[in-house]
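Labels run A, B and C following the written order; every chain starts at residue 1.
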């Protein structure tokens, strides 16, 4: 428990009462408990805007080389964000609500995480607008055998609170207190920037889901887009969903990373890992019982990286008239690693036709822009 | 990350370095990060003896009535304990090692946990002997929609550090610092008490695994021991195991709770929940690839509770010559609940034969002893 | 599970042959498909009679030797069939419905699948009657590091559409268009054949669930039926179920394969894999919250294979009056492999008593019939 909420006196009562019972049972440790509670009271205004989640990485979380899938990291990040966001949005009166993910900012995977390491995911609310909130999440990977720790990922997520009574009703977000006016102002800028981008991508024409390779056609030539293109389908089950019965954003991102990883491995036949994910906008929700089709294809390849576009289409199996719709799309960047986890060169992409060339050029532009940004950040930092 | 280790300067360096990179990227939040790190340095001597883990409870964690299985709580408790124990035992030179669970003290489930709630599991090292350590774990369940929190469970676990080079080599445990001599003395008493009990149960003759109902016999009469007796087998997979390739104690406890729950539900045909688990001693480890047979049978039934003995036998499928062996056994107590989560009366147990009567009498003795202890704790507390 | 059919050359032959057969079967239909696509493009309406699902095989999907369990392949096959069937049956007016599995034809595991490979499961509706539909499913395993692909499995499944309003109401199935009258006629023959077999097995007296070994008896002699007999119980959870809250056929098949694999491993103490599964009829559904007991016992052993009968009984824990009932039963054939995935001889089965002898003789008859069929298929194919 890392927060104690002042305004919810009833809740505090409950904790105190139970603590009291326990105190009688386990004398020495309960001292520790009440100390914790008192400390919470002292710091006072903290208001539960922070949360932490830890988990040992298991074999199923990783690829054959032992690297934990980027998709699992994204899923943990989203779970931590959802907890802190939902908790905060329910500190006021009105309908109970759940924080639904609407956007993840571009995020980079800074260090690989391995099986047996403990991932610590810390989420904190860093900005609130009237109807949305920003959560910044940090993932530290700890090797509990050596004590070594490394920053594996940092991400910023945007949530909106949807009423449990009516999932289409967006609730108001209680404001947070900022440490300084400057901090508040920076948050407002991030808010405006992401809002504009979300509107922009909403208006953009959707990429058509590529048609799956026809197995009776002659096999595609190696290193073409068609050769590595892949898709999977998944039937949405109860454990994929929130209390609203809509798919957790983190579950969708995990599926996207899985497909992108298959595309990348097919292209270079080596151990590959997620290097970064471009901003993802979740324009439309996916309900329990839907079938999601996740397709990935290479758009751009540099010397040492591959950009994969991933498209997620959803369709209800039982309400066919609703048709298939695009739920999410995003660009994942993967790199290829040798046995010592050092980057390998990536085979060049054989581009065929106008559409593939257009996507390649757009990918290249994004690649150059990111490169430039990294350089300028570096220069500014010095 | 909730601890920063002073003596591991290399690790700290790593964090600082990465933090520095990030700082350049995300100006405002990195301030928060460095503040956290500084606070860690300030409190100084804290030495990573604490850990927290949180998770949203999903439909798969719960029964049909929405109550999270006691076995899932036990599994989370053990994961938290393993992390904090392993981390602590690797703060010295010598072989890297893993903390292996050897004992869980009697634990009570104080409040039910429901789907959608967030379970916060906090683990802290509270005592160390030369070769073992005690971890106390607290589970708080938080309803993030209402803000209500309740104490769901408190448990004490004993671990020993096993070398990664040689799983049978027990390493030395670095001592912790105690807040007071009184606290240290209390810990030593708990250590001596559990040591004696472990020796005692090791010497005790093993209960024979009960024979399952023979379907060619006429069906067992309702409410007899044979009627509700149940067993399951499980093939140990990679995700069940530690880096040693031995089963996590938490995984075993989850299977035990699952069987006990089926026995209890068969006896009373209502919604049942775990009320408490008696001390469990893990005398022998279970290796990856083994088949475990987990059998549960009713031993004693009071007005409102059922005691179920659970026996876990393991056998290697590929080293048949090693034979089947008893890995763990324990007593689980279940209660039956109505729709408002209020305890229901439990049908009386029809005891048949000498062995069943003996086990019933022993169970009754445990029941009365616990009842008396609760009363005396209450009186002392007032 | 995981099977690799004997000497790889035979397996390759078989693959070629099967591929050839399929090519012949699907020749005209693939025309249909491309026609559909064209029509789809023209009319903008997609016919949805085909579906593909891909997934990376993870450590938990496989045994200790890295072979993916046959049960996992069966589960993916059934999921793909359920999706394509449900989607098709909802293209008309009337109640929304789910395709419920009623039968899987005999299926062989042609090549082993390993951790890290991508399984591609393609499902296509190949026949419709008034109230049922046939889905043919093909599983290709792709090594994404080498690009190698192999046919792992082919199966044919029969589904009936059950109304979401009333699970006992069977809806009508919209007809599909056949490429030729011949193709339609062949489908009708398959339909009639399976219908007759389903009626037959329904009328057949049920095998009694074997009684588990009594541990108070002296241990069973090695290589007897009783020695390797095994059973597990499983409490049906939400993730096991369809939107109807009934267990997916694929989940049941996975449990059956798990028990059969344990029986086989106990008999020969080696790495074992599923070679084939006889036709399975799902006469009765299993509801969420039920306990299923899955029991496996050896019926017949040849030089290189073991036939295991698996019986699935279900019982509701809260509606005890409904009693236990037989939900499914089937015969699984396993083979034993050495470290190079080559078949090993299997210890002979020690048969005791009349019942075991009768089952052995019946198993031998099935074995000889299959062998003959394979030979005649081979001759015909040349």
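Everything below uses one rule, namely that contacts are C-beta pairs under 8 Å (C-beta built on N, C-alpha and C of every residue); 3 or more make two chains touch, one makes a residue touch a chain.
Here the structure is a predicted model, which is why all the values come from computation and not from measurement.
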Once you draw an edge for every pair of touching chains, what topology comes out, line, ring, star, complete or other? complete
Self-contact between copies chain A and chain B, residue sets same or different by half: same
Would you kindly tell me how far, in whole Å, the mean C-alpha position of chain C lies from that of chain B? 37
CA centroids of chain A and chain B: separation to the nearest Å works out as 31
Give the residues of chain A touching no fewer than two other chains, as numbers and ranges. 59-60, 238-239
If we count contacts the way the header does, which residues on chain B are in touch with chain C in the complex? 59-60, 63-64, 208-217, 222, 230-235, 237-239, 258-259, 261-262, 265-266, 269-271, 288-289, 291, 317-320
Going by the contact rule at the top, pick out the chain B residues touching chain A in the complex. 1-2, 5, 8, 10-11, 14-15, 18-19, 21-29, 32-33, 48, 51-56, 58-60, 79-80, 82-83, 86-87, 90-91, 96-98, 110-111, 115-116, 118, 120, 122, 124, 126, 136, 138, 140, 142, 144-151, 154, 164, 183, 186, 238-239, 243, 377-378, 380-381
